[in-house]
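Presented below are the structures under discussion, each in the form of structure tokens.
Here come two complexes built around chain A, the first alongside chain B, the second alongside chain C.
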Partner chain A sequence: MQSRYWFWMLLSAPVILILLGWHMAIMHLEGLLGHMVSISAQPLAWEDVMARGRNVFVVTSYVLLLGAGLFHGFFGLRTILMEYWPGKAAEKVISRSCLVAGIILFSVGTYTTLTFHFFLPAP
Partner chain B sequence: MPLMEFVIQRFNRETDSEPRWERYQVTTHLGMTVLEALHQIQEQQDASLAWRYSCRMGICGSCAMIINGKPGLACNTQVHDLNAPIVHVQPLSNFSVVKDLVPDLTPMFEKHSSLKTYLVRQDASKTEALEGELAQSPDELMRYLQFSHCTKCGACMAACPTVAIDSAFLGPMPLAAAHRYNVDSRDEGFEARKQKVSALHGAFSCHYAAECSSVCPKGVDPARAIQLMKRDLILDLLKLRQKSAPASLAPSPSAAKPSDDIPQAPEFTVKT
Partner chain C sequence: MNKEAARLGVYGWLRSGKRGIEGYLFLLHRITGIALLAFLCMHVFVSLTRLFGEQAWAWAMAMTHSVLIELLEYAVFVAFIFHAFNGIRLIAIELGFVVGRPAEPVFPYKGSITKQRPLTITIMVVAGVLILMGGLELLRLT
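For the complex of A and B:
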């Protein structure tokens, strides 16, 4: 079973690298990249945030980044905690706590992202 | 003959509650090993000093201990190579201590044997009957040769930061030994070992600090073995691991026809 988790963790790493890099480029490097490609000069402006929220590709990538990041992070946290507290009982508590926390955070994050896409009015 | 100070950790689990340090002055000479120094201390200063040793030549791995903070073999470490006026000697870390410099290696060997670190064959009854030798090419030999040099001294286990935290972690020696058999063309035990090495506290718990490889007195690279094992486990998960038929019995030397250009051996000079 660990092989399966490990495989998904390996797979999530390049997903995070690409999508987080893309996110960082758009949100924080507009001054640098704006000279080379067409990037908004005001990424935090209401119109720009709404425009991204309505874009299916952007919303999908945000949900994917959220899932990959949460899985990668919580799998790493679980590994560290299990080293300090080995044993069957601790294993169950740690695994289930990480799973529940991950599902809650993924639900909240996905709801927030989809809200932009489906529920907020067009500017 | 320069004098050197040896500071040795002493502990007797039957009488002491915690370890203590004791100092000894040792007259050293060029080429003197830490093992020789320990013998000199025992013979001339303190007969109660205990440590484990056997071959005195870096083969058996019995005398592994922490020398100036680094795991190594006492018989393989010359005191002048340490370049320090004081030599600190401790038992291997990450093990409980039986007495002085003697660690209790039982947990390591229990993990080692739990991984079926021997040739596993489906036709065991046939191969154990010694009907012949299992054929193996030089390339197949090279796949596991360096890992087979392990002497089970425990230096890698003492250096491993994961073993220090997670006592259930299988550790570099047992995992490297399991990989050594997994990649042996004569073996069919991958499936039998997979359950254990891919479980929690198995190969995937290795953080690749690679301290095990840096301290191994035989030049084995357990960290590499574990990373290769991780790769094999993932490839097996994806059904991409290359599987080949296990080595079959080679024809016995008597059944083979010698090449024509090999000259005949001379007659025995002593007739019986």
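For the complex of A and C:
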């Protein structure tokens, strides 16, 4: 089971690298990359946020990035915490806490993204 | 269970010992990982303001227009670049690249760390260049 989690941990890394790299590039590096590729000059403007919210590719990538990021982050945090609180009982508490926090954050993030996509006000 | 890590506690992170540069990269990898996870948790809730309409979004974005927040944004960028590039190095080593072939130990012994060092330096130089380029953009130095 542990090695299966480790496999997913490794697999989530390139997913995050690509999707988060792309997300950071379009959200924060528009001045630097805008000369090379077409990037909005004001990615945080409401119109741009709405346009991205309508785009199925963007919405899918957000949900995928959120899932991969939360799994990678909480599995890493679990590993660190288990080094300092060893033992079966602590492992159970740490694992369940990380799982619950991950599920809550994934639910909130996915709800936001999908609600915005499907119930977006008309432009 | 890692008894040595448990005995040393977080203080153990600061003691690289014979691990050299890689030991400190391990420390930074953990710190940046925890920082990025904390940012992700906050980001999920900030993004939630979109659902309350344009005014709520404008209010949330107005809150981010300060020198402190812009510096923190850059810190997140630095953490991401470092964590990503150090992660590429770790995955390469995990999959058996750049650690050298198994061989009879012959004195003077050559550790695997020596073989990994060129990759470590190359990756950190590339990450450093990207961090500087991002700084020019995010801190509006261009």
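Basically, the second predicted complex is superposed on the first by the 123 of 123 C-alpha atoms of A that agree within 3 Å, B and C clash if a C-alpha of one lies under 4 Å from a C-alpha of the other, contacts with A are read in each partner's own complex, and residues count from 1 in each chain.
Everything below uses one rule, namely that contacts are C-beta pairs under 8 Å (C-beta built on N, C-alpha and C of every residue); 3 or more make two chains touch, one makes a residue touch a chain.
Keep in mind the model is a prediction, meaning the values are calculated, not measured.
Applying the stated contact rule after C-alpha superposition, one finds that A:P86 touches each of chain B and chain C.
In the superposition on chain A, A:F7 contacts chain B only, with no contact to chain C. Taking chain A as the reference, the larger set of touched residues comes from C, when chain B and chain C are compared. In the superposition on chain A, the residues of chain A touched by chain B in one structure and by chain C in the other are 10, 82-84, 86-87. Interface residues of chain B, counted against chain A in their complex, comprise 162, 165-169, 198-202, 204-205, 230, 233-234, 236-238.
Contacts from chain A toward chain B in the complex involve residues 1-7, 10, 79, 82-84, 86-87, 91.
Residues 1-3, 5-6, 9-10, 30, 33-34, 36-37, 40-41, 44-45, 47-48, 50-51, 53-54, 57-58, 61, 73, 77, 80, 84, 87-88, 91, 94, 133-134, 136-138, 142 of chain C touch chain A in their complex.
Every residue of chain A that touches chain C in the complex is listed here, in rising order: 10, 13, 16-17, 20-21, 24, 28-29, 31-32, 44, 46, 49, 53, 66, 69-70, 73-74, 76-77, 80, 82-87, 101, 105, 108-109, 112-113, 115-116, 121.
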